[in-house]
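The chains carry the letters A, B, C and D, assigned in the order they are written, with residues numbered from 1 in each.
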Amino acid sequence: MLNDFFLLMKQELVLLLIIVLLLIIKVGKDWSNETMLNLINGLLLLNVISGFVMPVEGNLFGDMFKTNALISLEKSILNIGVLIISMQSYSWLKTHKHLSEFFILMLSTLLGMFYMISSGNLLMFYIGLELSSIPLAAMANFDLEKRKSSEAAFKFIISSAFSSGMLLFGISLIYGSTGSISFAEITNHISNEPLHIFAFVMLLAGFAFKISAVPFHLWTADVYEGAPVAVTSYLSVISKGAVLFVFVSVLYTVFKPIAEIWYNMLFILAVITILIGNLFAIRQNNFKRFLAFSSIAQVGFILVGITGSSQMGSASVVYFVLIYIFSNLGAFGVISLVSALTGKENISDYKSFYKTNPLLSWVLTIALFSLAGVPPTAGFFGKFFLLISGASQGNYILISIAALNMVISFYYYLRIVKAIFMDPNEQPIEKLSIPLISKLALFICLAGIVVLGLWSSVYECIYNLSSGF
Amino acid sequence: MNIYSYIALIPLLPLATFLLLGLFGKKYFSSISGILGTFTLAVSAFISLAVAYSYFFVNGKVDGVFQQIIPLKYTWLTFSPNVSIDMGIVIDPLSVMMLVVVTFVSLMVHIFSLGYMKGEERFATYYAFLSLFTFSMLGLVLSTNIFQIYMFWELVGVSSFLLIGFYFEKPSAVAAAKKAFIVTRFADLGFLIGILILSFHAETLDFQTLISRLTDTQSTQLMGITTASFMGVSMLTWGLTLVFMGGAGKSAMFPLHIWLPDAMEGPTPVSALIHAATMVVAGVYLVARLFPVFVFDAAALTIVTYVGAFSALFAAIIACTQTDIKRVLAYSTMSQIGYMMFALGVSGKGGEEGLGYMASLFHLFTHAFFKSLLFLGAGAVIHLVHSNDMKDMGGLRKHMPITHITFLIACLAIAGIPPFAGFFSKEEILTAAFHSNKLIYVLAVFTSGLTAFYMFRLYFSIFWNKEAHLHGEHHGEGTLSMKIPLIILGACALLAGFVPIADWVTSDGIALETHIDIVFSILPVALAIGGILLALSFYKTENSKSDKIASSLNGFYQAAYHKFYIDEIYLFVTRKIIFNLIGRPAAWIDKNIVDGLMNKMASGTAVISEKIKGFQSGKTQEYALYFFLGIISLSALFIYIIK
Amino acid sequence: MNLNLLILLPLLTAIAIMFCNGLKQVRLAALLGSGLQLLLSFWLLYSFYQERAAGNSTQMLFDANYTWFTALNINYHIGIDGIALAMIILTSMVVISAVLVSWTMESMNKEFFFLLIFLSMGAYGFFISLDLFTMFFFLEVAVIPKFLLIGIWGSGKKEYSAMKLALMLMGGSALVFVGLSGMYFNSNIDGAHSFDLVQLASFRIPVDAQMIFFPFAFVGFGIFTALFPFHTWVPDGHSSAPTAASMFLAGISMKLGGYGCLRVATYLMPDAAHAYSGIIILLSTIAIIYGAFATMMQTDLKYINAYSSISHCGFVILGIGMLTETSITGAVMQMVSHGLMTALFFAAIGMIYSRTHTRIVAQLGGLMKVMPFISGVFIIAGLCSLGLPGFSGFVAEMTVFMGAWQNTDAMYRLATILACASIVVTAVYILRAAGKAVMGPITDDHYKHLPDATWNEKLAAGILISGIVVIGIVPFWLTSLITPGAQEIILQTGQALMLK
Amino acid sequence: MNEINITDILLVSTALFFVGVYGFFTRRNMITMLMSVELILNSVNINFVAFNKYLFPQNLDGIFFTIFIITIAAAEAAVAIAIIINMYRSHHSVDVEDATDLKY
């Protein structure tokens, strides 16, 4: 039993150890930021590796906590993302006073996400969700002196409090009508009675809030814009990815009996999410805000993939999130460098970026291409599989809308490429000296973008792991 | 292989010359390019004569009938199992005669050009183009396949384009070249569709097979093509008429003639070769080639007849009013080709009835000599005077005796004065017309009188009349190389009438007995002499008689002088109707509607995006409100509506 | 013969270019790479003939099938038939010419040649693919580099044009995607869905599914080949692009669409192809006629050629829509011919533009006098465009017409006649342009001192002209490659409409 | 006899829920908005307890849940108030309408 406990919760425990270690160091030692950052990156690397050691399958605490190979992989994916973000925020955090707090908060949210992913019970899920969002609000406010930062943090905490209120109300109704908060039990009782549908919609809204699906997305852009770049990238890939993992498994297993209903709901949500995301993304000038809307559109595509409701659907979503982490972090890596070194965050500042920073330009361009879904980057494969998965239900209207919306998304991604390569600029961003570790992070992203698509074993592996659905 | 395989050399030699001169001429052979071109063509001409001799006198006949021989044939492009373009060589009386005419006239022009084009910067290019033309024309006459003919048809068109536009710095030359190409191209459209129709029904492109299938009353193909109809006209008529349209374009028949006078912008020897003797008769050749099928379809043949006859008269009238000597010659060419056309039109299938066919080709033969002679003579005159306008000429007989004499011979020939070449051929044509269609006959005779008049108007205006003011240093006739062709062609114009074409080139391959009926000849000859005398009195000396006549016929004269405004009509149709009503709207629609729609879609998206930005108001409470409304509406939708 | 070389070679060249320094090294690497491509494609031709001569009559030669994504039954399946081979040779010829005309590219030359070679990889990959996924993959590979090529090195309103081109082509591939997914999910090969072209061809997709997805696939690919009314990217894109990109765009990219229409839409969904052929013919006839008339009103040489491409590519669609063996052979020939001819045209225009700095016809004049070679190239391209015998345009167009005429339906006949009529209009606009720009008096004194073509330009033009002339003079060589492929497609469409 | 019916309790909780939502939408003061959220959470708590007591008394899922919600709400409030205080430093206001720099 105890053995099981240590093995099954291995990833959570490692994370916990790191958090405790950081706390101790914070209290006891006064190391320089560089040392700390190197140490943390080392620890996070260990964390990533630990995820792949001895994967086991099993349940704990009366099925409240469950883990299997897919879940373990999902956690590892998040770990990789966190490592990259930490590497990328090197320039930003090098001079920051509250370095260890940042990581303590971030790893706490990660821990929350792990719980959430492993949850087999609504209570566990709720705890994980809150653990992953409350510290995030504090992180969003990490640039304490910035007006925008605190506004973003306030919007985030108050909106997420409201949304978890709604979520909880939905959960309470489900509990009231099924008598259980365990996923396995709920599946047996759920049906398409109005009360269940109402409760489900509230639950769905909670999820949709987290993954920023329209119309529950409105906080996203404001928070992304106001928060520090590292937090924005964390929000956009890690937090979103974690919720998506849960969302898929909850929909596919717990709410399987009402699959037809949520299928139609997702259809509607996907269409308006893609559309609204695209329409708003077109006219943004702040890079982070732009990526916020583009990520909303991406979520729309993910929703299309989820409608596949099969092994293929789950696999394509997990695969896409993996690719999305690399692509989006590739873009955020460049933005965070530029933002940390020059303070410029507008797309118009990037005009003629190529003249001064060809390497960063190519990384950014390739990352944007991957987000847009241009072959041979991995983004192409990710989008292709999502849409194919969506098509597997025979809903070609959805596929057509999604595919045509890709054209709009091309427009705004190419607009940035145009700014980088083609638009003239009197004062382009000067040549930046990139810290080695950031460079390494960018290369990891680049390698991920190139390899993950062409190397089919990645998808195969995820597909095989998704066989549970 | 066949004993005639070496005939392939005849077109291939000029082709080789073209490639050699076209690719390297300017750099390496500039000085000797003329000699080189002339020499190879002389070889070709010699082979042609040898072929003619061997075909007409030695091996051509089997049982008194000239046989069609196909020494070479290779499949070039297969469309479907039965329909393919074969590249080959056909030897029959028609093609052998054409071979001789083309190589011979071309040779003369080559020689003449040695002097005429001397000192031109693009001398080598000129010979390259001449060789290209000769090659294409020879390919055309040797074609075994209707598509092969079409290909060479296009090639002669383009060589004509290149040669007319030889002086490419002159905008008028470029315009004329374009006009010639486009008008004939338009006619070729008809030809092409005609080919499509004929080949579809005959299921072949090969002349021999096509003719045998479409003339065999038992064949399913003939049944098919005559029963299928469009707008009440059988497909056979459609096909033949459209093919004839192509021929009419190339042969400058009304109303597709407008390019020919303008084509005179090219160097004069080119006009002699292309626009007098060879290319322009391609239409006649085409109809003659398909003659067995044409005979089967009275409607198509009637069209040929009337178009030919009308063109003959129409051009003759215009020719009387023009002052540019090359244009006069151009209209006269058109008129003469009109003769050939209607001669084919009035012809019957074979034997005596096939007189028209023979007469037409006979006229083609003689016409080639005297018309190229006229052009070369005109070339010599222009070379001296540096002007095309007969107002700048006069009294030239003293300066250029040889040109004068040969020109006179040619004029007599074209006027149909015995015993010059034109007399015999025209006589046959008139006979054929007389026996078949009296109206045509009347037109033809009248036209022949007009011909004599305008030719001698030309002759007197150039060589007699007032003294021209010559400037420049040399007042001679030009080099020897310019004189020799004149003399040779002069001899031909004198003697070609005695060549027994009737024995050789007939519609059924059997020799035809012809005889000159003195009584019959009186009327046309008298008319011709009358025309000459009229011209003599008007133009021999400087006087104002002609102006008086002209002013008395004011309206008609003006119309004729302006070529009956056909050019203006064309210009109106192209510039005003096609450009303004089709071209401009198409471009406009493309820019504003089709493309505009795409741009509107893009800008529309941007506008929508701007319109809906209010949802993202920045107010947290509104966000929560939308969140809540989202829940309410989704649940309402799924509880009450979608079930 | 390993077809993977066709992908590897450009890829390695592109990588090599990244490690080069300075224009000299870069262009040498590009030339070497594209030269090897040319050799490889001809070696492929040779081996193809060897195989056929040895009696190998399988439809697709040099077949190689590697599993890629097992879960979705996606394979990297490659192989070629004569049609694909013809397109490959076309690509290699256009690419080397494009490299040669960009010989003196100054700004950002490394990136330029990299993208150019990368594009060629996309094209090769597309033509050798026998798996719809792979095909789609390479189709999109060949889109985005064009955006950069036009946007960075172009002229005029280049950003607008680049964006328009990229978006419209992406719209096309979005439609293609829907078509592909429909075909995939309606296929059932041993209980599994498949993207495999050969398997799908023998499976025959259910007719009702064909009826839905054919328009998607056809229009999607059609956008690439300027199907009316989705052609508007063509004029802007071509005219703003740098010379090499225009050549590639018109010479190869537009052919991707034609090939896709044929190989994917028509071949795999033959019943729908028959059902929709009326509409296809209608659209293509409009494109032909309307493109020709719109061309007539253009004043910019590149616009003239771009609009004429719309008209000429209309013949490709027409040939496909007519669904006879001859017309399909003609369509493929027209693709090859138009690819070479239009590349040559753009090369000539580029040469003129780089010297005179104008492409407006009215401002040009008398170039024949100062640059006879370039003018000659221009005229040859023009003559090929207007379908002169001896050049490839003639055989291709005539084959389309002959094939089209085999349909006896009155509407089809009318379409054929209208298409034939367009060759007259073609003559008008080509001669107008040539007559003003290269003939006539010299309009500007400084033209008198302009140099004629340099060796690289001569070589580029020489390669393309030799292609045009070889096809024009020995077309049976090309048809013998294409016809078996066309027969296969016609066999598939079930109605071999031949002259009995 | 005088037993309180579950529907009565649910009525209260529902009312509380809507009061909370209404308060959240209309109150300008950030602290009040936070209190409105607490109202919503409390309505959920009532729900859970009521359901547990009346419908599923055999186990204590609902009660557990309630305890966790109370705890987490406290944490949430702590962070939220910290952020609001920080905001007050930069904005000199706790009016939600003043925190609208980020929009569109």
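By our rule, contacts are C-beta pairs under 8 Å (C-beta built on N, C-alpha and C of every residue); 3 or more make two chains touch, one makes a residue touch a chain.
In this text, all values refer to a predicted model and were calculated from it rather than measured experimentally.
Taking B-D and A-D together, the pair of chains sharing more C-beta contacts is A-D. When each chain is reduced to the average of its Cα atoms, B sits farthest from subunit A.
The geometric centre of subunit B is 96 Å away from that of subunit D, both derived from CA atoms.
One simple way to say how far apart two chains are is to compare their mean CA positions; for subunit A and subunit D this gives 27 Å. Separating the centre of subunit B from that of subunit C, both taken as means of CA atoms, is a distance of 36 Å.
Here the CA centre of subunit C is 65 Å from the CA centre of subunit D.
Listed for subunit B are residues 602, 613, 616, 618, 620, 624, 628, each touching two or more other chains.
Residue numbers of subunit A whose C-beta contacts span two or more other chains: 154-155, 158, 162, 166, 221-222, 411. Contact of a single residue of subunit C with at least two other chains is seen at positions 167. A complete list of chain pairs in contact reads A-B, A-C, A-D, B-C, B-D. Listing the residues of subunit A that touch subunit B in their complex gives 154-155, 158-159, 162-163, 166, 194, 197-198, 201-202, 204-205, 208-209, 215-216, 218-219, 221-222, 261, 264-265, 268, 276, 279-280, 282-283, 408, 411. Against subunit A, the residues of subunit C that register as touching in their complex are 67-72, 74, 133, 136-138, 140-141, 143-144, 147-148, 151-152, 158-159, 162-163, 166-167, 170-171, 174-175, 177-178, 181-182, 184-185, 212, 216.
Subunit B contributes residues 613, 616-621, 624-625, 628 to its touches with subunit D in the complex. The touching residues of subunit C, counted against subunit B in their complex, run 164, 167-168, 228-229, 231-232, 235-236, 290, 293-294, 296-298, 307, 325-326, 366, 368-369, 372, 383, 386-390, 394-395, 398-399, 401-403, 405-406, 416-417, 420-421, 423-424, 427-428, 431-432, 435-436, 438-442, 475-476, 479, 483, 498-500. In the complex of the two chains, the subunit D residues touching subunit A come out as 17, 20, 24, 30, 33-34, 37, 40-41, 43-44, 47-48, 50-51, 55-56, 61-62, 64-65, 68-69, 72, 75-76, 79-80, 82-84, 86-87, 89-91, 99, 101-103.
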